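Both complexes below contain chain A, partnered by chain B and then by chain C.
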Partner chain A sequence: MSTINIASDFSRTPGGRYISDGPFSGELFRERLLVPALRGALSSKGKVVVVLDGTRGYLSSFLEESFGGLVREHGFTKHQLDRILELRAIDSYYETYRNIALRSIADARAERSLAH
Partner chain B sequence: MRVLSDRLLTDPTAEIEKILITALIGAVFAYFHQLWKYSRDAYEARIDEACDLIFNLAETAAEYWISPKLNPRHELGPIRHSASVSRQLVPPSLELLQVRIEGGVKKLEFLRLMLQPRLSLHDRQLLVDRMASFLDSMTGGQFASKARAADESRAREVYVTASDLVAHLRTASQRANGWWLTLFRQFEIVRPYRPPHSHRESIADTLILSITVPALLIGLLLVLVSLIF
Partner chain C sequence: MLTALKRLKRRRQRLEKFERLGKLRFGEEKPISNKTQSVHRISVYHQGRIRHGLARERKPMPELFCLSQNHDAVVTFLSELRHKLVTSGGRFDRLRLSGGALRSARNKLPMFDEYIDFASMREITPAAALVLASEYDRIKTVFNAPNWLRAINIENWEPNVLTTLDDLGFLPMLGVDRPRTTIANRDGVYVVPFLAGTKVLGDKIDGFIRTLGNFAVGRGLVDGEALLNRSRVYDGLGEAIQNVEDHAYPPGTIFPYPMVKKWWMTGAVEPGKKRFNLMVYDQGISIPARLPRWDLFADFKAAFLATVGRDFDPESLDKDGETIAEAVQVGRSSTGKSWHGKGLPLMREIVDNSAGGTLHILSRCGEYTYTAGKRPVARSFTVPIAGTLVEWDLYL
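On to the complex of A and B.
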């Protein structure tokens, strides 16, 4: 099991959606940390825990691009992500962001199934 | 009064005891009633603050989404000679609106943390869900992008999600302000209570309370009856 703590491994001040929008974007987080960890977890049949705590908050666009983008851009399925990805919000403050991230995965799946 | 004075003459100690106990019971009820009123009013004030903030944020977000954001490097290059046009294309207020939305979201999150301990598990989960929808409508899409088109549907959606959130806060606060909950919080100060985090814990709490509370009330009633008569 590998753990990604966004605050310590990426940034305490996550930014917007795309790399072109500025530093610490959702796209950068997904490409640099999330996808390699998830690919590793898939091959080793492990699990990736993403800890949302410790940052100064998130923009919904960051979360959508990071987690929804896994389905949209990298072809992960909801079933796979349920098995290998765990989103953790230890402090109650981050519950809303966890909810948004989970919703992004579900909505991205819907977009993908509509497209096919 | 005459009956009372006659009784006082025949058995003064017993009658004074009865009067004192009745007065004490009245005082305890009055104390808890005041406590409940203050607690309810303070909570309602916080709810009003949150609702005002939500609608102010919705106004700000609608203003943000209704205006297009053009990248000055690409869009304004050829027309920089006209100061009035450049001001029109890149309103400096858009950046300010973005910062206001981000700051307002943080304020709202802190208010949620202050409000939610009083809510039931179901209401708390619904609050998080409604908050997520509101935040998603405000800071989702192309929020914080360097350039984007105006998004009228998102501007409308912001008001819908804001209204849903306010409606839930109002109804949940009514449920959270019962006098028995205020009484329960007083006991909680003496004996800290773990709020339920799952449905299993919630059911266990309901079972324990449904047995212990009636038992305590019946016991209290029996003690009072035995003291008075």
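On to the complex of A and C.
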């Protein structure tokens, strides 16, 4: 099992959607940290835990691009992600963000059939 | 001593000559339009010095510089100001190319055809001050001229207007570089310096919230920053800025004036009332104009037809208030669809997370006001503001 703590491993002040929108975007987080960890988890039959706590907050576009983008851009299925990805909100304050991220995964439509 | 006297005498002679020339050119105290036009003396503040000069035309600012209470006058003024700044910026640019700007700067007697008279303002709100500051900031960026603008007759400005503009960080754009050692108190309200940017910059938003929180903490509101966090202010400001990035300045759009793809942000805190006033402004194409590019446009059009009773026309200004209200509503009620367009409703949620307050959106001719626990109110003005202003007034 690998753990990504967004606040300590990425940024305490996450930014917007795309890399072109500015630093610490959802796209950057997905490409740099999330996708490599998930690919590793797939091959080792492990799990990735993403801790949402500790940041100043999140923009919905950051969460959507990070997590919805896994389905849309990388062809992960919701079923796969349920198995290998765990979103953790230790403080109840971050529960809202967890729900947005989970809804993003559920709402996203795959634009590529399979990418792994 | 003698040299100083000689210099004074020469200056007086130059003043008299310019006044005589002015009378010849423009007539004796004869008004040209509805404004005060005659050659008159002014004081020009620049980099710690006050110099006396002459000007012909004075363009007074509205006495009440407030976008809500005096909307049409203020927005009309801002539109004229934009035009004037662009034309005089162009003139400055041409002068600079020909070396005339240097000659002009060396000129002992500053002379102006026209100037904006800030002394006529009696009151200015932080939101209106931010929009004003954005015009000056933009034009300085467009013409790359950091030392071009001047503060005229600053000694006559209303103290509360001067304080707001000083706190906002506006004065350095007019060459008033007096270092700010303290933040002046204006009836218990503290305005923080404005920020401008071109991207979604989490660290800038974070710094801004810290500044506001520190002001509050330093003045008795010990949990100021925690209160701002609880209301998810970071998310709301970020959503507003992401909206600017996504929609305000679409590629290929031709603006009537030279444009910079920027957002401007400021805030005020009233610790005694646990009140925070935050605002983000852009000079883009406005919410009603950008709706046809929205992912949820089909849903919006249907909802607009059902509510307003006619088809949505992005060129029509008279229902802009209703248009914004409908866009917020459609964004809130659409589920299982694209997340693009959720920004507006999420901005509204900050108000719901607070102990009370208001979200105020001004875009083109429309105004949308949402107060916690009440039905949103929409209205439309006849004079459009350039871009979009999002303002929260929160009680935490």
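FYI, the second predicted complex is superposed on the first by the 108 of 116 C-alpha atoms of A that agree within 3 Å, B and C clash if a C-alpha of one lies under 4 Å from a C-alpha of the other, contacts with A are read in each partner's own complex, and residues count from 1 in each chain.
In the analysis below, contacts are C-beta pairs under 8 Å (C-beta built on N, C-alpha and C of every residue); 3 or more make two chains touch, one makes a residue touch a chain.
All values reported here derive from a predicted model rather than from experimental measurement.
Novice: After the match on chain A, would you call chain B and chain C a fit or a clash?
Specialist: Here the two partners, once superposed via chain A, clash with each other.
Novice: State whether A:Ser60 touches chain B only (first), chain C only (second), both chains, or neither.
Specialist: Once the two structures are laid over each other on A, A:Ser60 reaches both partners.
Novice: Which partner does A:Phe24 contact after superposing on A: first (chain B), second (chain C), both, neither?
Specialist: The answer is second: A:Phe24 touches chain C but not chain B.
Novice: When the two structures are overlaid on chain A, which partner does A:Ser11 contact: first (chain B), second (chain C), both, or neither?
Specialist: Once the two structures are laid over each other on A, A:Ser11 reaches chain C alone.
Novice: Would you sort A:Ser43 into first (chain B), second (chain C), both or neither based on which partner it touches?
Specialist: Once the two structures are laid over each other on A, A:Ser43 reaches no partner at all.
Novice: Who contacts more of chain A, chain B or chain C?
Specialist: Between chain B and chain C, the winner on chain A residue contacts is C.
Novice: Contact-wise, after the overlay, does A:Ser92 reach chain B, chain C, both or neither (first, second, both, neither)?
Specialist: In the superposition, A:Ser92 contacts chain B only.
Novice: Please state which segment of chain C collides with chain B in the superposed model; the candidates are 2-10, 56-64, 254-262 or 308-316.
Specialist: The overlap with chain B comes from chain C residues 254-262.
Novice: On chain A, which stretch or stretches are contacted by chain B in one complex as well as by chain C in the other?
Specialist: Touching chain B in the first complex and chain C in the second, residues 15-17, 21-22, 56-57, 59-61, 64, 93, 96 of chain A appear in both lists.
Novice: Any idea which chain B residues touch chain A in the complex?
Specialist: Against chain A, the touching part of chain B is residues 102, 105-106, 109-110, 112-113, 116, 128-129, 131-132, 135-136, 138-146.
Novice: In their shared complex, at which residues does chain A touch chain C?
Specialist: 11-17, 21-25, 56-61, 64, 68, 93, 96, 104, 106-107
Novice: Across the complex, what residues on chain A touch chain B?
Specialist: 15-18, 20-22, 56-57, 59-61, 64, 92-93, 95-96, 99-100, 103
Novice: Going by the contact rule at the top, pick out the chain C residues touching chain A in the complex.
Specialist: 199-203, 205-206, 209, 229-230, 232-235, 238-239, 241-242, 245-246, 336-337, 339-340, 342-343, 346
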